[in-house]
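Chain nomenclature is as follows: A, B, C and D, assigned in order of appearance, with residue numbering initiated at 1 for each chain independently.
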Amino acid sequence: MLAFILRRILQSIAVLVAVGLVSFSLFRYVGDPINAMVGQDTTMEEREQLREKLGLNDAAPIQFLRFIGNAARGNFGLSYRTSEPVGRLILERVPATLELSFCAAVFVLFVGVPMGVYTGLYPRHWSSRLLQAVSLIGISLPTFLIGILLILVFAVMLHWLPSFGRGETVRIGWWTTNFLTWSGLKALILPAITLGLFQLTLIMRLVRSEMLEVMRTDYIKFARARGLTNRAINFGHALKNTLVPVITVAGLQLGSLIAFAVVTETVFAWPGVGQLFIQSVQFSDIPVMAAYLLLIGLFFVLINLIVDLLYFAVDPRLRSQGGSARVAGH
Amino acid sequence: MKGYKMRLNFRHSLALTAVVCAGLSAATAAEAKTFKWANSGDVSSMDPYARQETFLLTFTQNIYDPLIRRDKDLKLEPALATKWGQTDPTTWFFDIRPGVKFHDGTPFTADDVVFSLNRANGPGSNMGSNFVSVKEIKKVGDQRVEVTTKYPDPLLADKWAAIVMMSKAWAEKNNAVNSADMTKNEENFATRNAMGTGPFMLKERRAGEKTILVNNPNWWDKPTHNLTEVIFTPVANPATRIAALKAGDIDMTYEVPPADTESLKKEANVKVLEGPETRVVFLGFDQERPELLESNIKGKNPFKDKKVREAIHRSIDVEAIKRTVMRGQSFPTDLMVAPGINGYTKELDKRPALLKPEEARKMIIDAGYPEGFETGMDCPNDRYVNDEKICQAVVAMLAKIGVKVNLRAQTRNLYFAKILRKADLSPGETSFYMLGWSPAQTYDVHNVFESLIQTPNKATKKGQFNAGGYSNPALDKLADAMEQETDKAKRDAMIKDATKLYVDDFAYVPLHQQAVVWAARKNIDLVQLADNTFPLRFVTVK
Amino acid sequence: MTTPSNNPPLLEVKNLRVEFPTRRGTLLAVDDISFDIAPGEVLGMVGESGAGKSLTGNAIIGLLEPPGCIAGGEIRLEGRRIDNLPYEEMRKVRGARIGAIFQDPLTSLNPLYSIGRQLVETIQTHLPLSAAQARTRALDLLKEVGIPGAETRIDHYPHQFSGGMRQRVVIALALCAGPRLIVADEPTTALDVSIQAQIIALLKRLCREHGTAVMLVTHDMGVIAETADRVAVMYAGRIAEVGPVRDVVKHAKHPYTKGLMGSIPSLGVRTERLTQIDGAMPRLTEIPEGCAFNPRCTERGTRCLVERPDLMAAGTSRAACWLHDRGGVGAPLMAQRSGGETVDA
Amino acid sequence: MAVASGLSGWLHRVTDSDVWWSFKSSPMTVAAAVATLLIVAVAFLSPVLAPHTPFDPASLNLSDGLKPPVLVSPDGEWAFPLGTDDQGRDVLSSIMYGTRLSLVVSLAAVAVAMVLGISLGLISGYFGGAVDAVIMRVADVQLTFPAILVALLIDGVVRGIISVKRHDEIAIFVVVGAIGLSFWVSYARTVRGSVMVERNKEYVQAARVIGLSPLLIMVRHVLPNVTGPVLVIATLNLGLAVITEATLSFLGVGLPSTEPSLGTLIRLGNEVLQSGDWWITVFPGATLAALVLAVNLLGDWLRDALNPKLR
């Protein structure tokens, strides 16, 4: 097991280096930040000098090495847009995104999985068909449209929920949280639903198709023959076997919530790293983009490691075989 | 200048009524008044010299005061300098207002003035271009500062209305002596904190999320507002911003997309303020390359031919663009400079009549292009109001006269990197492009000539933004002369001649001035200035 | 072999009918069969696949997969009707009163639960025992079914056991709640021959010790001959013959049983060629009138074509064949040629 | 005659099969199939059916701009049944042309993603070990970059390699490539998971014993078993592809804005949603919703019908 973790950590480092190299070779095509950084009347020559001093004309690997060198010393450079240190800029906004994604993930798991189980257990029932059709709405309308519609209904017409922003937040050390204030919680509801809706549909359908297959297996029939209660069969034996293969996909989908947060945060003016990323793309704010991509790369690598470890915890067949072979499902 | 006056009266009266009732309500309102407002983008820094951008300058002028500030009619009025003037063509003096204190109670002195001016001209600051003519700044006694210039600069006072005064002691104590210098990678205290003499004090600054100002009880000037707290939040998505205003989560939004003005006017408790912005949006031609970049015509550049430019100019129906694309929120103009700017010659602002498509097509054929010609077109899609939609409309209009246009719309950073001239002033990568320009600093037409219309010249640094490379020697000579002409009448004559030159030459296709559209809830009184600045000191909450 | 005692039968099946309503018409898979199982008795159910023997087993446990359903008849366990019980009532019967063993041990156990946990769960579902007591009972059972080192292996997972070992665990699971009857559906088919013998011997010993009756469903006559007290031969959803296993094997009364027995090689008797029954069992949609076996029967008569024979006394067993009726089979007819295949080609 | 009878024979076999029967018996699936066919047919016949030619700038004039749908308000015109947008484009014809564009782009993108994802998933799942680790780590790197950045990279690189005179010649390839590249990971992971399960099953080992080539085993034996989850993802990705294309065109790397796809119509319309010109975004939005809903319901049915285990 330890060998497996060590190997994965080495691979993770390789992934991060790859992410860094690709990012910096990419930054040549995201447009030129200089024009937006200098005043309207700065001469072209001065702009070129600034570009030279910032090292934007160097080759990608050199820029990447310089970035890593500074990053190692905790200095992620200044944002071209707000001239604030990128490290603190991201650190301030990571809690907002993580808390939003966490709520979206909770929404997806506590609504999506039961819906998947229900439609898997009673596929023919009209309510399952209805749930399937309704759940499709989440993926047939673009996120920005869903967001706006929710705001129009719940904020403008009904005045139940705030139309944008994080509401009151409580600062604990460097972390700012929404969970300790009433207005913070209310501000979380609409964005979490908008963010989670797409993943909800995917998770529900995967759980459903997996549940349908598990219910047909011999060990479920044998469990019934042993007179076990429906609850024990459906939520003990069947659910566990259903969730094992769903874990990898679910782990990834919840990880991609962060990537999806980009659009939701822009619509709800949610001060997270997603909104920061969109602004940095539009502004070609290279230091922020580089730090963001490495953060997301690190995050995905962690998610994958956790999902794999979760696999070991859940699926005994792997524990004895060890190694990265993963046998999923029934 | 007359046209400008006439339009002003209407705006003037509106402003007057606002002040009157502001005065009244200020007296009665004592209890806490919070004013919540939003804009599409955040103010990029608290450091007043970080960027020469209207929004940053107007926001920081709520916390800091300049020596000379502009009143509601954009005329200069005394602020921290009680008197100023030129003792001789190359020497300026500024008398300092006594008894003024910074927010932390420390007194405001001449040393602070000298320090601030040098910081504004120092490394990392964006305001350097206002000091091109300055030779030396020195303190003369406690109440006066004298500035000597390399050559007579009649506009120095105008330029310095944008330079606010900072506290020398505070800056030295908190390592904010210079603005944040990108190349040095270390943060500057002034980016997130502020110490000014202005009507409001900075209480909390969370970049990209929320910035809170509170009233400065011992401000040197009489407050013309009744606010105790101001909460500013950036809301990028226009639809969300409009919804927030309707829902009452914000009291005012600084930027309203023209499409939403109609629906907001119908809203019960919302009012809309519209006015022309000093920025002129125009189209430019590549008149430099022998042949166009993306065209089927080889060996010839159609845009070099004045007849072709005229045919195109008189086929673009700016009134139709105003009616549908801009929904009435624009002020068509045929000059490269807006009314309200010194040097706007009203009598030359007459758009030649529109040509029927057949007439224009015939002109194109006579110019030697029997089947018309093809050209690329570049436009931003998130810089000016409805920029992409205006270009699409132009593409449709030109298609009718045989000019096939391939449009490429991009976000501003990709766009500007593509079309602007390179460091060595070699031409950008475009044949037909859209640009917007407003001489924000000096409010004088020379800035337009110097940057946009004069021939690009690396040595004299002229024509930096003349992306199409239009070149008219006669105009170049006039522009250089007007820069230093101090006699107003002679200068105005030069301006008129130069303007006539580029209008008759159809050098550019000026479209319109964008409308500055703000929206606020009915219980808020505020004043909308022509240069799109928003001093909070004129806001009162009923 | 216990002789059938005369107290009331443990399981009584009367005129059981199982139907499959499909869009192509209703398929009659089990057509009016009746039989009893005495306490502690081993009844074999034998017949070609598709004869309806597994379905009968499922019907008894109440686990017919939709759209299959019990269309008629009664099933009584210890005198109580169990075929029309509400789901919750029937659930309590399963495992506690009737145990089940399925064919493939590789897929019968939940791969994610240790065998101990699956045993304890079943025991606690039916018996009022604490976790500790349930665990000791599970340990005893594992020892009984012959799992070496039960104390450590109880917490192992199914994939850590061989096919034979897993079937032993399945038997332990079937017995753990002390059922009176076990329905074993092809318990040895998936195992190789040497393991088969062990499992059969184990099943017989445990049933005898616990006094548990067994309904052993298989197509393997050898297993039946060795294990069953009585045997019922099924053909096309009906019982062709039922009786003590020795009599049915040695002195088959029904032509189909004769053919079946003839096709089994036995050490004692030297036979050049095994007899072969022509043709194949009819599909459920094409069951002929009269006796279902008549097209393939060499001793059939005109009556067999029209009148369906019920089980009637035939020596010590009972057979559904007019041969054993005073009226006889009517005019004899030759067996129907099936597909040009000659018997002595 | 032979052909006719062969055809009718085939037709009979289809209509008699269980798959057809399960299709016929669920009304929702029939409705979904009809809707899908209708939308696809109208889209691809748009040059013939559409009353106007929205992509030809010469035919547009601004004076027709912002007309409401004729059924809703008096100043609508029958010439523009669903109203016009602020460029004077007829909304109905724009939807037709736009849907065709979006369908071509998203189907091609999903196809690219499936081919890439499934093949890499099969290889990595079947061979495991180092190959599996490399492919999965490439997947991690890919997951980090959203479609937007991938598009910018491809656009820049392609422009660097082949000097392109006009942008829109390569626009469609850039968009399809970018969306395809950013979608393949979910296919690869799902297929890999299933392949690792099937790999140990007897029938695969049996196939290996009789000497079938690994490729043949994977495609013929293992692939059919993973169609279920792949189908779920493919149908979901279709809707996402249309929306991603709209985001790319906003960044100027997508299709030119003079030829708006369905996604771009929604994006442009969304800016004016609250201004009273609701129809510019509502009708394209409804079309997209109907298309994605129909395709996914069809996908659900197909997956259940084709899944041997569920029959």
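Simple rule for what comes next: contacts are C-beta pairs under 8 Å (C-beta built on N, C-alpha and C of every residue); 3 or more make two chains touch, one makes a residue touch a chain.
Nothing here was measured: the structure is a model prediction, and the numbers come from that model.
Nearest to the global CA centroid, when each chain is reduced to the mean of its CA atoms, is chain A.
Seen from the Cα centre of chain A, the chain whose own Cα centre is farthest off is C.
Across A-B and B-D, the chain pair carrying more C-beta contacts is A-B.
Measuring from the averaged C-alpha position of chain A to that of chain B gives a distance of 39 Å. Mean C-alpha positions place chain B and chain C at a centre distance of 92 Å.
Separating the centre of chain B from that of chain D, both taken as means of CA atoms, is a distance of 44 Å. A separation of 53 Å divides the Cα centre of chain C from that of chain D.
Within chain A, residues 30, 144, 148, 152, 281, 330 each touch two or more of the remaining chains.
Looking at chain D, one finds that residues 251, 270, 273-274 touch two or more other chains.
Across the assembly, chain C contributes no residue in contact with two or more other chains.
Per the contact rule defined earlier, chains pair up in contact as A-B, A-C, A-D, B-D.
Interface residues of chain D facing chain B in the complex, by the touch rule stated above, are 56-58, 60-63, 65-66, 86-88, 165-168, 250-252, 256-258, 268, 270-277. Within the complex, the chain B residues that touch chain D are 238-239, 242-243, 257, 259-263, 294, 317, 320-321, 323-325, 327, 376, 381, 388-389, 392-393, 395-400, 405-411, 414-415. Touching chain D in their complex are the following residues of chain A: 7, 11-12, 14-15, 18-19, 22-23, 25-26, 28-30, 123, 129, 132-133, 136-137, 139-145, 148, 152, 198, 201-202, 205-206, 209, 212-213, 216, 245, 248-249, 252, 255-256, 259, 262-263, 281, 293, 296-297, 300-301, 304, 324-330.
Per the touch definition, chain B reaches chain A in the complex via residues 42, 44-45, 47, 50-53, 126-129, 179-180, 182-183, 185-188, 191-192, 206-210, 233-237, 239-241, 243-244, 246-249, 382, 410-417, 420-425, 437, 440-441, 447, 451, 458, 461, 464. On the chain A side of its complex with chain C, the touching residues are 217-219, 221-230, 232, 236-237, 240-241, 244, 314-317, 320, 330.
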